[in-house]
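Here come two complexes built around subunit A, the first alongside subunit B, the second alongside subunit C.
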Partner chain A sequence: MSEYAISIASNMGMIAFVALSAYVVLVVGEISFGQQAYFGIGAYVSGMATAMWGWPFGFALVLGSCVAAIAAFAVGALTLRLRGLYFAIATLCFAEMIRLGLNSIHVQVEIDGEPVGPDGAEGFGDIRWMFEHDVTTLEYMFIIYALLGAVLVVLLLVERSNLGAVIRMIGQDPLLARSQGIDVGTCKLLVIVFSGMIAGLGGCLYAHFATYIEPNVFNVMLGVHALAYGLIGGLGTALGPIIGVVLDIGFLEGVRAIQGYRMIAFGGLVAILLIIMPRGILDEVRIHHIKRWLRRQ
Partner chain B sequence: MLKLDDLSKHFDGVRAVDGLSLEVDQGEVFGLIGPNGSGKSTTVNLICGVLSATRGKVTFKGRDLHGLPPHRRLNAGISRTFQNIRLFGELTVWQNVWIARRDAPGREAGFIRNWFGSSARTREAIEETLVFADLAGRANDLAQNLAFGEQRRLELARAVAARPDLILLDEPAAGMNREEVEDLRQRILALKHDGITVLLVEHVMELVMGVTDRIAVLNFGKLIALGTPGEIQGNAAVREAYLGSPDSESA
Partner chain C sequence: MIDFIQTTLDGLSIGSAYALIALGFTLVFGVMRRINLSYGPSIMLGAFAGTWAFVTLEAQPWLVAVVTIAGTVAVGMYVERLCFWAIRKDAAIASMVSSFVIWMQLEEVATILLPGRTYPYPELFKFGGIDIGPYFLRMEHVTTLAVAMFMLVVLRLLLYRTRFGLALRAVSESSEAAVYMGISPVRITFWAFVFASFIGGVAGYLLLAADQQVTPYFGLWATFKGLIAMMLGGLGSIPGAIVGGLLLGVIEAHTQWYLGNAVKDLTAYLVLFLVLVLRPGGLLGQGIVERHAQAFRRI
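Right after this comes the complex of A and B.
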C-alpha cells in the first residue's frame, strides 16, 4: 500500500468512530452536534498520557475513552430533559465550551529539555508514541481497524438484541416507549455514554496518528460530518455510517480528480440523499428487507 | 374494581370531564358512550395516567392511582389501545407485542434481565397473543406495513400482552367493516371469558349494544345515564344528547 492509501484508509477508520458515535445518538432519537468534543477529549487525554506521563499506549486508550465517556455522562445527565432542537443546541454549546477550554489550557512538562503538552491554541505536538515504538503507518492502520471492528461487532450485537429494539423504540416514539414501561431516561443516558466512549477511542487513535493536535481540529464541522455520514449511509444499521465515511473520504477525497470540489460534491450528495432517502441508504425498512432475504437463503 | 370519584379534567375553560363518578365491576364489559367531544378519550387518559386530573380520583383494585405515571399503572394492571393507532412502525409486529410484556427488557422491573433474548415462556405467550389477534402469519412484518384493520388488531394484541386486569379500548371499531366488528366482538367476549375487565369506548352502537353488560353515557363531560344496554336504548336523555350531535349515528 502506498503511504497515501494508508493515510486515507487510516483517516476513514478514525473518522468512522465519530460517525458511529453520532449514529447511536441518532438511533435513540436525538441529534447531537457535539460528538467532536468527545473525540477531542480522547485525543488530548490519551496524548497527555503517553507523551507527558509516559503511559503505555493501551492504558492511554482506556483512559482517553473513559474520560470521554464520563464527559458524555455529564452532558447526557444535564440534557436528559431536553429534546430535539434544544438537545442539539445544548450539545453544540458543550462542544464549543470544550474547544474553547482546550484553547486556553497550558499544561506542559519538560522532557529532554523540550516542553511537551497542550499549549492552548498553539496545539499539542510531539505525541511520538508511534516513532518511539517503531510502529509503521501500516501497522497502525491495522490497530485502527482492529479496534473499529471490535466496536462494530459490539454495535451489531446490541442491534440484534432486545436492547437494540428498545433503543429503536425510544428513537421512534419516546412517549409510547415510556407508556410501555421502558426506562427511557436510563436507556438514553446509556447510549450517550457509549457514544462518548466510541468517539473518545477514535480521538485517542487520532492523536497518536497525527502526533500533533490542536483545538480547532475538533470544531463543529467534524460533528456535522459525523452526523452526515449516518444520514447518508443509513440509520438502519451500524454499517450505514461506515458507508457514509467510505463515500465521503474514500471516494470523494480518494479520487484526486474531484479533490478541489469535494465539499461541493459532499454537500450535494447529502442534500440529494436527504430528499430521496431521508433516513439514508441502509434505513430501517431496507435493513428489514435485507434481513428477511438473508433468512430465506 | 375501577372507581372514578368526582373525576374532572379542565383544559383552560373546557370542562372535558366534569365531576364523573362511576364504578366498573370486576369481569364486566363496561361501555362508555357519548357524542364526539363528550370526554370519553379524556376519561381513558385520566384512568391510564396520560393526563392528570384537575379534581377527583381514580381508584383501581382499592388503590388510589394519584400521581402514578402510565407505565406504573400498566404494571398495576391497566392497559389500553389508542383511538389514533400508535405503534412502533419500523419495528416488527412481534417486537410491538413483545415490548408490552411485563418481563421485557429495558422495563424498570427488569432492566438488565433479558437484554439479549426472551425466555421460551415469553415467546410462547407472544405467539399465543398473536394467534388471538389473528396476526400469527405477520409476526415478522414491520408494523407500518400492516393494513388498517391489522394495525387495530396489533393495538389490541399489545394491550393484551401486558396481561392486564383492566383493558381500556378507545374506539377500537372505528373504520372497521361489519365482519371486522363481529371479529372484534368475539375477541372482547374472549377477554371477558378470561376474566379481564373491559372498558369499551365506542361509537359503533351495534358493537356496544351487543357486547357490554352496562353502559355509561357522557355528555359535556358529565354522566347523563347509566344502565344495561336495554335501559340505555330506551333512555330519553340519551336520545336527546345524540340527536343534538350530527355525527352520533356514525355506525
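Right after this comes the complex of A and C.
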C-alpha cells in the first residue's frame, strides 16, 4: 500500500471511533453534539502520558479512554434529566467548553532541552511514540483496525444480547421502557459512559498518528459529522456508522474528478438518500429482513 | 459605573442581533419541532450573494440589502423543500442531518462564488453614532435594536391577530387536528420557513453591515449563536428568544470587558450549560419539560 492509501485508511479507522460513539448515543434515543470532546480528551491525555511522562503506549490508551469515560460519566449524570434538543445543546456546550479550555491550557515540561506538552492554541506537538519505537504507518494502521474490530465485536455482541434489546427499547420509547420496569437512567448513563470510552480510545490513536494536535481539531464539525455518519450508514447495526465513514471519506478522496464541487455532489446525494431512507442504509427494518433471510439459508 | 452601563449597552445591541436569529429558529422549531442546522449558512450564502453584487457589480448598499434578504429567503425555500418537506414526518433526526449536509453544500457554493476568505460588506450609515451624556451608541446598533423590537411586535401581531397566525399555532399544537380543520400544514410550514428566513436575512444584513466584512465562518457562528440564544431563553417561546438573545449579548460583552476575549465564549457556554442542568426548560419556558417529568413520575 502507498503511504497515501495508508493515511486515508488510518483516518477512516480513527473517525469510525467517533462515529460509533455518536451512534450508540443515537441508539439510546439521544442526539449528542459533543462526542468530539471525548475524542479530544483521549488525544490530549494519552499524548501527555507518552510524550511528557514516558508511559508505554498501552497504558496511555487505557488512561486516555478511562479519563474520557469519566468525563462522559460526569456529563451524563448532569444531563440525565434532559431529552431531545436540550440534551443535544447541553453536550454541545460541554464540548465547546472543553475545546476553549484546551485553548488556555499550558502544561509543558523540558525533555532534552525542548519544551513538550499542550501549549494552548499553539497545540501539542512532538507526540513521537511511533518514531521512537520504530512503528511503521502500516503497523500502526493494523493497530487501529485491530482495536476498531474489538470495539465492533463488543457492540455487535451487546446488540444480540438482552441489554441490546433494552437499549433499543429506551431509544424507541423511554416511558414504555420505564413502565416495563427498566431503569432508564442507569441504562442511559451506561451507554453514555461507553460512548465516551470509545471516542476517547479513538482520540488516543489519533494523537499518536498525527503527532500534533490542536484544540480546533475537536470542534463541533467533527461531532456533527460523526452523527451524520451513523444516519447515512443506518441505525440498525453498528456496521452502519462504518459504512457512513467509508462513503464520506472514501467518496471525498476517491472522486477526484469533481474536485471543487464534491461537497455539492455529496451533500445532494446524502439529502436524497435521507429522503428515501430516513434512518440510513442499514436501518432496523432492513437489518431484520437480512437476519431473517440469513436464518432461512 | 459608566463603563458598566456602556458595556451593557454594547451587549444589548449585539444581543438584539442574536435575538433576531433566535426568533427565526424559534419560529421554525415551534411549527415543525425540528432543527434547521443550515439556518446560519443560508444567511451566510444570502450575504455572499449580496457582497458578490457589491464587489463585482458595485451595487448600492440598499440593493445589497435586498439581494442579501432575497438570497436568504431563496436558500431557505430550497432547504425547506429538500430537508423538511420531502422527509417523512416521524424522522426528525434525518431532517437535522440532512440540513447539515446541505450546510456543507451551501458553504461550497459560497466559496465557488467568492473564493477568498474575507470580503467587504457595505455599511448602513455613513454617520457614526449618537452621544447620550457620557455614553456612545453606534447608529448601526441602534438600528439593529429597533428592528429586533419591531420584528417582535410584527411576529406577535402575525401570530395572535391573523388567520395565518391562528393556523400556524394550530399546526404547532397538533398538525393532525389542524388537517381536520381544513388547514394545510405543508403550506403553513413553508410560509413559516419563508418568514423565518426573511428574519434571518434581515438579522444577517444588520450584523454584517455593522461588522463591514463577511467570511464563510459566519454560517457556523450564526447557527450556534442562534441556538444558544434560543435555548437560553426557553425553547419555542418568542419572548424567550428575545430575552435569551439580549442576555447572551450582555453576558458576552461583560465577560469580554472584565475577563478578556478568551473567556468570552467559554462563559456563554458555561451559563447555558448551567441553565440547562439546573432549569432544563430555559429561562422562560418550563412547560414541556415539566409535563414530561410528571408523566415519568406517574409510572
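In this section, the second predicted complex is superposed on the first by the 289 of 297 C-alpha atoms of A that agree within 3 Å, B and C clash if a C-alpha of one lies under 4 Å from a C-alpha of the other, contacts with A are read in each partner's own complex, and residues count from 1 in each chain.
Definition applied: contacts are C-beta pairs under 8 Å (C-beta built on N, C-alpha and C of every residue); 3 or more make two chains touch, one makes a residue touch a chain.
Just so it is clear, the structure is predicted and the values come from calculations on it, not from any experiment.
Put simply, more of the residues of subunit A are touched by C, taking subunit B and subunit C as the two choices. In the overlay built on the shared chain, the residue A:R286 is in contact with neither subunit B nor subunit C.
Contacts of A:C187 after superposition on the shared chain: subunit B is touched, whereas subunit C is not. With both structures placed on the common chain, the touch criterion links A:I264 to subunit C but leaves subunit B unconnected. By the touch criterion stated above, A:F94 is placed in contact with subunit C alone, subunit B being left untouched.
Of the two partner chains placed by superposition, A:R128 touches none, neither subunit B nor subunit C. In the overlay built on the shared chain, the residue A:S161 is in contact with subunit B alone; subunit C does not reach it. Of the two partner chains, subunit B and subunit C are each touched by A:S179. Taken together, the two complexes place residues 178-179 of subunit A in contact with subunit B and also with subunit C.
If you check the complex, the residues on subunit C that touch subunit A are 29, 35, 37, 82-83, 86-88, 90-91, 93-98, 100-105, 107-109, 112, 220, 224, 227-228, 231, 235, 262, 265-266, 269-270, 272-273, 276-277, 280, 289, 292-293, 295-296, 299. Residues of subunit A touching subunit C in their complex: 26, 31, 78-79, 81-83, 85-86, 89-90, 92-94, 96-97, 100-101, 103-104, 174-175, 178-179, 220-221, 224, 227-228, 231-232, 260-264, 266-268, 270-271, 274-275, 278-279.
Per the touch definition, subunit B reaches subunit A in the complex via residues 48, 50, 69-71, 74-75, 86, 88-92, 95, 98-100, 102, 104-109, 111, 114-118, 140, 142, 158.
Only residues 161-163, 165-166, 168-169, 172-173, 176-183, 186-187, 284-285, 288, 292 of subunit A touch subunit B when the two sit together in their complex.
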